[in-house]
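Both complexes shown next keep chain A, but they swap its partner, so chain B is in the first and chain C is in the second.
Moving on, here comes the complex of A and B:
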């Protein structure tokens, strides 16, 4: 079942560990994204799969065979780079034909495949243009066609859209999704843009400091982050300082700095009673109500800011101990009473939506 | 839209403003231009005139040049040496230029300093140094004899071999510098892309590196070939009297035989060939700038 098997791979540059003990199994046809801040080791891992870096430890297996001994040009892997890497002296068609020509395919096969690939990225009319005559988005689509021309079982993409503007990015994201559906190629995609990661991939591996913090569907990373880093990197989040008052298994009761408390919060760390922790709640999982005692978990706050931005209301509330919490409510949702700035409001949430991380 | 508007609105003033700018731009060039005209263009014209006027008006000097097997052999020698020097400087210069472009800072700076320093050293000193190295009892012959590789000294000097060796060394920087500039302008990621596309090192070299550096090679080759065609000092010192090059012949015609007419004809022939090569170069590679 496992198609690409990354086993305990490490890479150090001198004394600096860029990737430490990364393991990951990717299924055939899967769209996997490496997400993380710059310097988190995601690109380094990709480059080791491409053969540009040699791992200092571990193994990389493709279809059951280790590929580490093979040089880049024998790995039969496709790649689209961050920068435009079309061959500037070759036309669009000749760029796409390049991998076939170095494989000494017949002329008829080359022209058939070039035509097919240019149709796939919808650039048939540009076959005779030179790369310098294309826009950035078109150049990356040609690069995609070139990377797929030899039917590689694995396609690597290293932040291919980072040089493009937002509108073009969304357009090409849709193209990539369509091409993934049509070709069934296994894609490994590197990005630091979490929206891009969530919208494109089947699964996301979140990198931090050369390690994978969490692997899962975008929804899992958003709803059930395992670490504070994941919670902070994927989506918007509020972190509230608190102290663990009592702990039972994977749940804990907490006390906020003003003495108010909450019970039964899911806990993702080995933290004992009395230690400092942070409560994480997504801005869109909070409710605002008039300050009446309610059954669920919640705290009393003061409304400090309110902004209407079309689809959503953005509220900022201040807790009794001075921390600020962001709340996002859909503008269409019924609100019994629209609060005004300075008013006391009750901030509440479902117990299942809160996460507790040790400091 | 706004750009078009701006252009049309300023268009009436544009010619006078630009011609004023052009005039201001030309002013500082005038002394150099005058120097070129008086010291280069006029003497060359005078020499060319003498080639068709002395000893009497007509083309007899050119007829004499092309009728003489000796002179044609000199022309042949000139092309043979210039061609060999060009090919060898490309072959030797390419790896050096490539190393300069990719080597870590210290090593590339060191190599660069060596290349530049050799250019800055006096030409005569460098040519005499080669005489010391290449002569019958020089270091090269001695070492080869001591190693038992040859029984007697090789004739490395006073022939075209010596001229070619000395000129290759002198011309190398003129190949390395433009080639280095071209190689450095290439984004190294295209070679990673070529590798993942399945290209072997050799295929990446022939299908990507060479086409992308062709303009640099052409610029360096033109410079080396043209400079070699008219080179005097090195052939005069390292060459033999039996294998003369064209510049030596012109010097001899003027200094020893006082045949200004024939010397002028030889000079014009050299100039014509040089210009023809330059035009061919322009036709294929523009002004020697990298295509992008």
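Moving on, here comes the complex of A and C:
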């Protein structure tokens, strides 16, 4: 059942549309991430749910009831901010107690809950510290404890890890996943980091230019991008210029600039025969082989660069018409013939791994 | 660094000497007054022939000096409270408001700092004449408030600008009303700004003499006004004693402000 229902929400600032007609249904207990480049409307949408901005159109319903009329402090929503927002004059324990104190809870309940929350984020020993005495990661964990202290049904997280270094970020991501499992709280997480989005969430909504381009599991966005933007934003991709030669339903035959062609590529655009398109293939779905005529789709190319970076080999090959294609092969996989730079190689892939987007 | 102190060699001695001379030039008049207040000479003879607390006894026995002291203190205290309260509200408007003419308004609030005090004093005198406020406590407070307010607005605005507004927003998301969030989170967050606003407002009124001379009446005289008035009649060491007390209080408050600033940085 839908728990948070975002219905056709829009927001403009003056003449600038920051969010246009965004609709999304989120289930209770789900971990949903808003992913997108800066200025794509993901944070604006989050702020409308938090009550910092009023939508210029649409409705936001929580548990069947519109929350737009409620001010931020009555929405009973938890939030962790991008910047450190612990109250500097209060100890860690008093920070976590703050939402309970403004709710006039009894002293016994406050201290029980504070203890429980600090245990949840594993900072029991830091209860009496002041925020300035904590590291950035610890501060964000306290902020998380504070946001969960009043058992909000919905937790909003606005790029909470962007100020931390990579190693710490991964550590706290694991903490967030554990806390999500343990509490069952519904989480809406905003980030511009696709790896973070894929590793944390049940589903990802990819924003671009104030609209949602695609919603789905991380795997869906990676394997079956609906638009060229999604393919380019999530994971690494190669885009090859081509022309649609013939079209059958959701599949098409294409011709590359040098005249070679491929048949039966899944098509994701209302493109007719003769129009320009782009063929997308992930670098890790490509194979390199000696230039022998082989079955299945492929192109003859020249190896222009080869780098070994531990777990993978990175190859760059150049097509007959001068386009560069990146190939990533696991270093452990046996290669019948290790090519040298300048050598002719056959680039091939499974038909199902390629996608075609209108230009 | 090119001018590293430790690498100056012989010039170091010269530099220390110059620093000492400048320091002495600034401090000697004050030290002289303090020394004279404890000297036994009736005619402010220097060096004092002997030491005594007589002038302080005379000072504390004189109800007029005590009255002036209390007047100064009461005016400064009321000015401090009003200046911080109004300064706080003005600072919220000036740092967070998005209305037209905000910068012009900020400049207007700060003009009393730039305007020659005597011009301000004459203008206030002429204006208060119509309102029958000259020589009254209220008139004194209002006049000193004009010169104290810029100090408050500068100190509190700076503190508010440095305070991350997301912290206040976080308090609101936590369930606090916007007013409660300001009282429980923002005000404690800018408390150093509030304290320095209070200190500088107090001092602006406490040692102000030009406006006070215009505002004073025979029954309502602040300490600086009485010092000035007494000085024109006779040169008593009691004045040195009063000045010493004035200086001591000012120095104590300045030291407090400096301490707080150091505290905030660590």
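One rule holds in what follows: the second predicted complex is superposed on the first by the 359 of 359 C-alpha atoms of A that agree within 3 Å, B and C clash if a C-alpha of one lies under 4 Å from a C-alpha of the other, contacts with A are read in each partner's own complex, and residues count from 1 in each chain.
In the analysis below, a residue touches a chain if its C-beta (ideal position, glycine included) is under 8 Å from a C-beta of that chain, and two chains touch if they have at least 3 such contacts.
This is a predicted model, so every value here is computed, not measured.
Clashing of chain B with chain C is the outcome of superposition onto chain A.
In the superposition on chain A, A:42 makes contact with neither chain B nor chain C. Contacts of A:141 after superposition: neither chain B nor chain C is touched. Look at A:113: by the touch rule set out above, it reaches neither chain B nor chain C.
Under the contact criterion defined above, the residues of chain A that touch both chain B in one complex and chain C in the other are 50, 52, 72-79, 81, 83, 85-89, 98-99, 102-103, 143, 146-147, 150.
The touching residues of chain A, when paired with chain B in their complex, are 50-52, 71-79, 81, 83, 85-89, 98-99, 101-103, 132, 143, 146-147, 150.
Looking at the complex, you find that chain C touches chain A at residues 164, 166-167, 169-178, 180-181, 184-185, 188-189, 191. Against chain A, the residues of chain B that register as touching in their complex are 187, 189-190, 192-200, 203, 207-208, 211-212, 291-292.
Those residues of chain A lying in contact with chain C across their complex are 50, 52, 72-79, 81-89, 98-99, 102-103, 143, 146-147, 150.
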